Amino acid sequence: MKKIEAIIRRSKFEEVKDALHAADIEWFSYWDITGAGKEKEGLMVRGQVFESSYIQRRMLSIVVRDQNVVRTVNAIIAAARTGEMGDGKIFVSSVEESYRIRTGEKGPESLYLNDV
Amino acid sequence: MILSVMTAGAQGTAVASTVPHIDFGNTAWMLVATALVMLMTIPGLALFYGGLVRRKNVLNILMQCLIATSVISIEWVVCGYSMTFGSSKGILAPFIGGFDWAFLKGIKINDVSPYFISQPTARIPHLLYVMYQCMFAVITPALIIGAFAERIKFKGYLLFIILWSLFVYNPVAHWMWSSDGWLLKMGAVDFAGGIVVHVNAGIAALITAVMLGKRKDYRNHAIPPHNIPFVVIGTALLWFGWFGFNAGSALAADGLSANAFLVTHLAAATAAFTWVMLDWIIGKKPTVVGICTGAVAGLATITPAAGFVDVAGTLFISVASSLVCFFMVAIVKPRLGYDDSLDAFGVHGIGGLLGSLATGLLATPVIQAAYSGAFYGNHKLFWTQLFAVFVTVVYSGVITFVLFKIVEKTVGVRANTKQEAMGLDETMHSENAYTDID
Amino acid sequence: MILSVMTAGAQGTAVASTVPHIDFGNTAWMLVATALVMLMTIPGLALFYGGLVRRKNVLNILMQCLIATSVISIEWVVCGYSMTFGSSKGILAPFIGGFDWAFLKGIKINDVSPYFISQPTARIPHLLYVMYQCMFAVITPALIIGAFAERIKFKGYLLFIILWSLFVYNPVAHWMWSSDGWLLKMGAVDFAGGIVVHVNAGIAALITAVMLGKRKDYRNHAIPPHNIPFVVIGTALLWFGWFGFNAGSALAADGLSANAFLVTHLAAATAAFTWVMLDWIIGKKPTVVGICTGAVAGLATITPAAGFVDVAGTLFISVASSLVCFFMVAIVKPRLGYDDSLDAFGVHGIGGLLGSLATGLLATPVIQAAYSGAFYGNHKLFWTQLFAVFVTVVYSGVITFVLFKIVEKTVGVRANTKQEAMGLDETMHSENAYTDID
Amino acid sequence: MILSVMTAGAQGTAVASTVPHIDFGNTAWMLVATALVMLMTIPGLALFYGGLVRRKNVLNILMQCLIATSVISIEWVVCGYSMTFGSSKGILAPFIGGFDWAFLKGIKINDVSPYFISQPTARIPHLLYVMYQCMFAVITPALIIGAFAERIKFKGYLLFIILWSLFVYNPVAHWMWSSDGWLLKMGAVDFAGGIVVHVNAGIAALITAVMLGKRKDYRNHAIPPHNIPFVVIGTALLWFGWFGFNAGSALAADGLSANAFLVTHLAAATAAFTWVMLDWIIGKKPTVVGICTGAVAGLATITPAAGFVDVAGTLFISVASSLVCFFMVAIVKPRLGYDDSLDAFGVHGIGGLLGSLATGLLATPVIQAAYSGAFYGNHKLFWTQLFAVFVTVVYSGVITFVLFKIVEKTVGVRANTKQEAMGLDETMHSENAYTDID
Amino acid sequence: MKKIEAIIRRSKFEEVKDALHAADIEWFSYWDITGAGKEKEGLMVRGQVFESSYIQRRMLSIVVRDQNVVRTVNAIIAAARTGEMGDGKIFVSSVEESYRIRTGEKGPESLYLNDV
Amino acid sequence: MKKIEAIIRRSKFEEVKDALHAADIEWFSYWDITGAGKEKEGLMVRGQVFESSYIQRRMLSIVVRDQNVVRTVNAIIAAARTGEMGDGKIFVSSVEESYRIRTGEKGPESLYLNDV
């Protein structure tokens, strides 16, 4: 199993969610994060538009079977891309074990997305 | 509000006087009442509605309330007051005022208000009456916001409320509250705005909700509020401000005003309690959003009746209010499937309608001797009320439809899919309500 | 509040009339004062307490304040006012009113209030007096909420406050404020509710906190508040509303009222400052929760004295207020180990007690000629005050104990462990205060 | 505020009496107005400023507003009122009051206020006037907070506002508002505090912002507000409270008061709308912070003029207000590079200055017969206003500089780098505004 | 060392915390997340009970020595289970290095939980 | 590539951010977490200073090339240390793949920090 962590624009969240569901991901988790770095995003306060070195993003965390990594990543990239700086990143890492708390089931069976 | 123009007058010499004059006590109360009605819109209604929407749209709601306060106040001074309470010549007189008082031209600072209810001589300054009515003109279109929350274009909204104030609010208020108004002359009564404010805005809410269509992700139930404490603060400030709205509509600090205060508070308390009981029985849990909604329903329902009913009438009206509004919001709306996002129609429209009709039944001569309802032997009042409500529903419905179509064809009304998904705050105002960065 | 139905209240013969009548100016002020006292409960106290609890319990606090406002207002109109200020026959008269005014039967809209303080002729409508007192009846049980926050069953709470209002608040208020009341006749004074409101609720708070037991995870110190800005908004609205509470208790807009306003503001300011200094010296840092607590302590303490003391007395009372309440809250409570979660006893009970006794010392004839305390030569007042406080402590303590036991045995009072762990919002109201989902 | 102890104020012979007396109606209004002005500071200004800063500093802002309310109220009773409105002997009389009224010694509860505007006989209690003015003394230093937000040492702040009140606010208020004041005698006018409050605090803001230096991470633009709904609540409460500030400055509930209410509301509405339009045109989006800033700018600007101008004058003043303040805040400030964090100078200082000068142009005899501006033929008023503003700018600027230096050298003013980085809440108050732990 | 990431009901948090402390975990970290997926949880708004496709959950992140994985996972499963849909998931992955900032210590020594 | 997860005091965040930028990290992500464990931190409520078993911390998540792990970790440790209990932890784990959403680029090229 792999864990896919995607950092996306909050504004693209609805589209990404729909794309993931279309790609048969039944559940995923997300939370809000801040990106800290170089000047990037235009904000407006009291008549001034300015660049901030903090940007508000959303982190999605999805654990999938190995064979589903590519289509999941592709679904995210397609839905989250605007082509502008700041579209975000996706990181994939390995998950060794997975449990479904309700049943105690172990391994890929505990994930929803079926083998395809 | 019942008013009669009668005699104008200069101010001065109080008590023991039969000449209309500016009374300091009544003026003191009405200065406060005016401020209280403003507080109802900002931040009262703004927080009530703003707490109910999702985080990404809260600023848009606050902005709509703020800009309504700003723009309609300007419109009111420019021409609204004159169109509503001014006189026009000939055949138009019962239907709309003229422009004699445009920019409040000719109203001097020590003029007494031409309008009064129970105190024919101890009156308030005319300019204060202008301001008091201004706050009603502001809150009425702001109530409609609940219907199209989370999906309207800001520019379209702004144009719509200006047109609506000019072509719906001003005429309807003239009919009912101007001394020339045809509904008033026919005998219809509306103490503090059941017809003019609540039915009027409520119908406009229904029409615009249907015309605008559902939110993309609306699935026939409310979306969980993003900040319920804000809903509570908003409700409490609405309740507080409503004392200015209803008890202020007596235009004096006297017994009538005290009774209006009493029935307003009792109605809010009783309707709130009734709603919680329905929640508890039907939904299994007593909810905070429920008690708040009940309180507002009770307040809206008692509004037209506040100057005419006693304790018994109030208990009847307020229990009925929550029963009917709960039924509309929890059962009828999801069945019919229109997306009146924050129940502007289901609570304000239905509440105002119910209260206006109930006034025709329950008005008792012990409050104002001149007004009795059907239960006190005067059946005519009920039919007059029914007629006035009917006329308002039709007029407000039709003109709202026409105006909304015009706005749709010109600047547009519906936010596009991307704006709706990203939230109106970021896309229309370049702002986020809450920023965590340090 | 000191009231006398027959006996004149010293000062201020009103304008050319010796017949009691409704004065517009005084009525204007009392309409506002009544609204202000309502604002103290919702959203004032609701936010003050709601900000102090954890996120998972904030809605429960707000709900308790809302339902108290709703239910006690209904109770007040139904029978509470009559039990408190009505008359009964024979031996019961000094102890409890009858049901003559149930449902406000027989009170007409232009009746003048039978109660007044400094203005025997320029009075307010009787119905307005009913409403003003209603808001006191509402806030008193709401104050107790602080004692059992975060662990009480909603159904048990609801039943308890209804019983408590009927069997504790109504009688005690009758003793002290009704013209028939035995404590009043004995010479005890309570200008705006030090004994009736604060001592009364404070003792009930202590008893219920002890009976209910500690929160599962209470470790003899307060849990960090989830939203301190809400605590600040709540404090500011309490302070603002308290002008209605204290200056309104003069039942007129005159010099006595102005003095009550002044001493109220000065007491809040001085006690707030004193508390911050204690924080700074003892806790090393001046805290926001500290300054808010100090202000509320000062307000509670000055309440019984607001119509009797001058600047010097106020400075004395308010410094003492923060010293004593700080000591109770920061030192005594953790030692004794009872869980008065939000210090309803430590701040309101102790504050009210202190102020009621201090009135017996510091009442000065320059404010109301008829009332002097021990420092001005009248030792009797102090002992009378001590007796009245003692009686209230015993009565409120015992009856609260009995009522709470009854509720415990019938519907139950303590939330179960799961509810306490999950939070009362989700388990009792199926709601979350803040929802992040878009 | 214009006051004249000797000269009668034109209008309205009161109640069959020519002797100054306490009028219940006017007292009712002024009790409320006083409470409203307090509400402006807490929680109005506290939330307006508190919402604009970052999460880590919000409590520090709230604390500063709370402690200012507390400490300056004490100072006012101790000596401030006496220094400002009391009389002193000989050459000092036009410049500063004496200590005769220290601790309000000698002011009895039924004394009438020595000050009035339009109602020479129907007055309010002297103690109420003391309290009303107290709230002005409180809010003025609190306005300065915006200038040094997010980087000032709490101890330094506390010492500074006490000194500033004693040596800047009290004298300047004496010059302008005491019947002995030299600027008043010269003919300068300031209805509700354009010069005394807004110019005075605004200049102090500019000086302290420059002296304190920029925030470590300030890059010539505002930092995104952490909670815009709080900014909206704050703005709405400021607007609401400003009715007490401006309409209360008539010291009566009459026509003058009604006009002040009207122009205040219209100015806020018009300036808010103007600012939004500038935002929309220049910044491309209408923003919530923008409309709030505009409303506050309009309110500050109309303040000195509220008792002198009519509708036309108000429209002119309020459009100018947003144009000039927008220009200052969005264009001048970033160019010059000083860090007036929340635009205390750019909005309040500039607004007050503009309004004070505009009064000299637009004061119209239809409001108060005795006062005409340049556009109504009296050029002298404009030059007098210009002179009064100039004197205030110089005096406030110089003394603020000196006092700030003194504080800097003694207890220190600038938070250290670590405190600034960690946030002032945690480092100065050991508290976090929002705690998520359950 | 392994990282255990558990997604649990917020309402079960107190019980899980106690179970973890009972299992000798001295410190762990948590934050709130949202789960996005199929309709699941009953909510009530204005008289209507309805299903939402978002559910509010809590993410726990605990790094433990390899030999402690099983007892930690078991502790969580036992405490977090209700048996209803939506009980959550546990994912285990590998951590290569760990540092204690205070001392700069490296490796398992930087964790509290002793070898057992 | 490695993922560095650092749990630090919020009060040290500004210093750590500057240290990371000085160490050529162009972007990183962070969010607020709570640490649950033994009594630790002094808080003050109504005149009482007390210990809480919850502490508010900040989680930083940074993905870097393998060769940059050490300098990044050192930068964090140096900037985040106070020497008192509660300074936090750093965990390093392996990331298998990384994508830049804007361009779809894969692998270390999708990270900013250049080879050094």
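The chains carry the letters A, B, C, D, E and F, assigned in the order they are written, with residues numbered from 1 in each.
The working rule: contacts are C-beta pairs under 8 Å (C-beta built on N, C-alpha and C of every residue); 3 or more make two chains touch, one makes a residue touch a chain.
Treat the numbers as computed from the prediction; the structure is a model and nothing was measured.
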item: C-F against B-C, pair bridged by the larger set of C-beta contacts; value: B-C
item: Greatest separation from chain E - chain, by CA centre; value: D
item: Listed pair (C-F, A-B or B-E) duplicating the D-F contact set, over half by residue number; value: A-B
item: Whole-Å gap between the CA centroids of chain B and chain F; value: 53
item: Inter-chain centre distance, chain C versus chain E - centres from mean C-alpha coordinates, in Å; value: 45
item: Rounded Å distance between chain B and chain D, as computed from the means of their C-alpha atoms; value: 33
item: Overlap residues in chain E, where contacts from two or more other chains coincide; value: 10, 13-14, 31-32, 34, 43-44, 49, 52, 93-94
item: For chain C, residues that touch 2 or more chains besides their own; value: 15-16, 23-26, 28-29, 32, 224-225, 227, 233, 253, 283-285, 287, 289, 423, 430-432, 435-438
item: Residues on chain A engaged by chain F in the complex (per definition of touch); value: 2, 6-8, 31-38, 57, 59, 73, 76-77, 80-94
item: Complex contacts: residues of chain D adjacent to chain C; value: 15-17, 22-29, 31-32, 34-35, 38-39, 42-43, 46-47, 50, 58-59, 62-63, 66-67, 69-71, 73-74, 77, 103-104, 108-111, 124-125, 127-128, 130-131, 134, 154, 227, 230, 233, 253, 428-438
item: Complex contact set, residues of chain A against chain E; value: 1, 3, 17, 21, 26-31, 61, 63, 93-102, 104, 110
item: Parts of chain F lying in touch with chain C, wherever the complex brings them together; value: 43-50, 52
item: Complex interface listing, chain E residues touching chain C; value: 10-15, 32, 34, 42-44, 49, 52, 54, 56
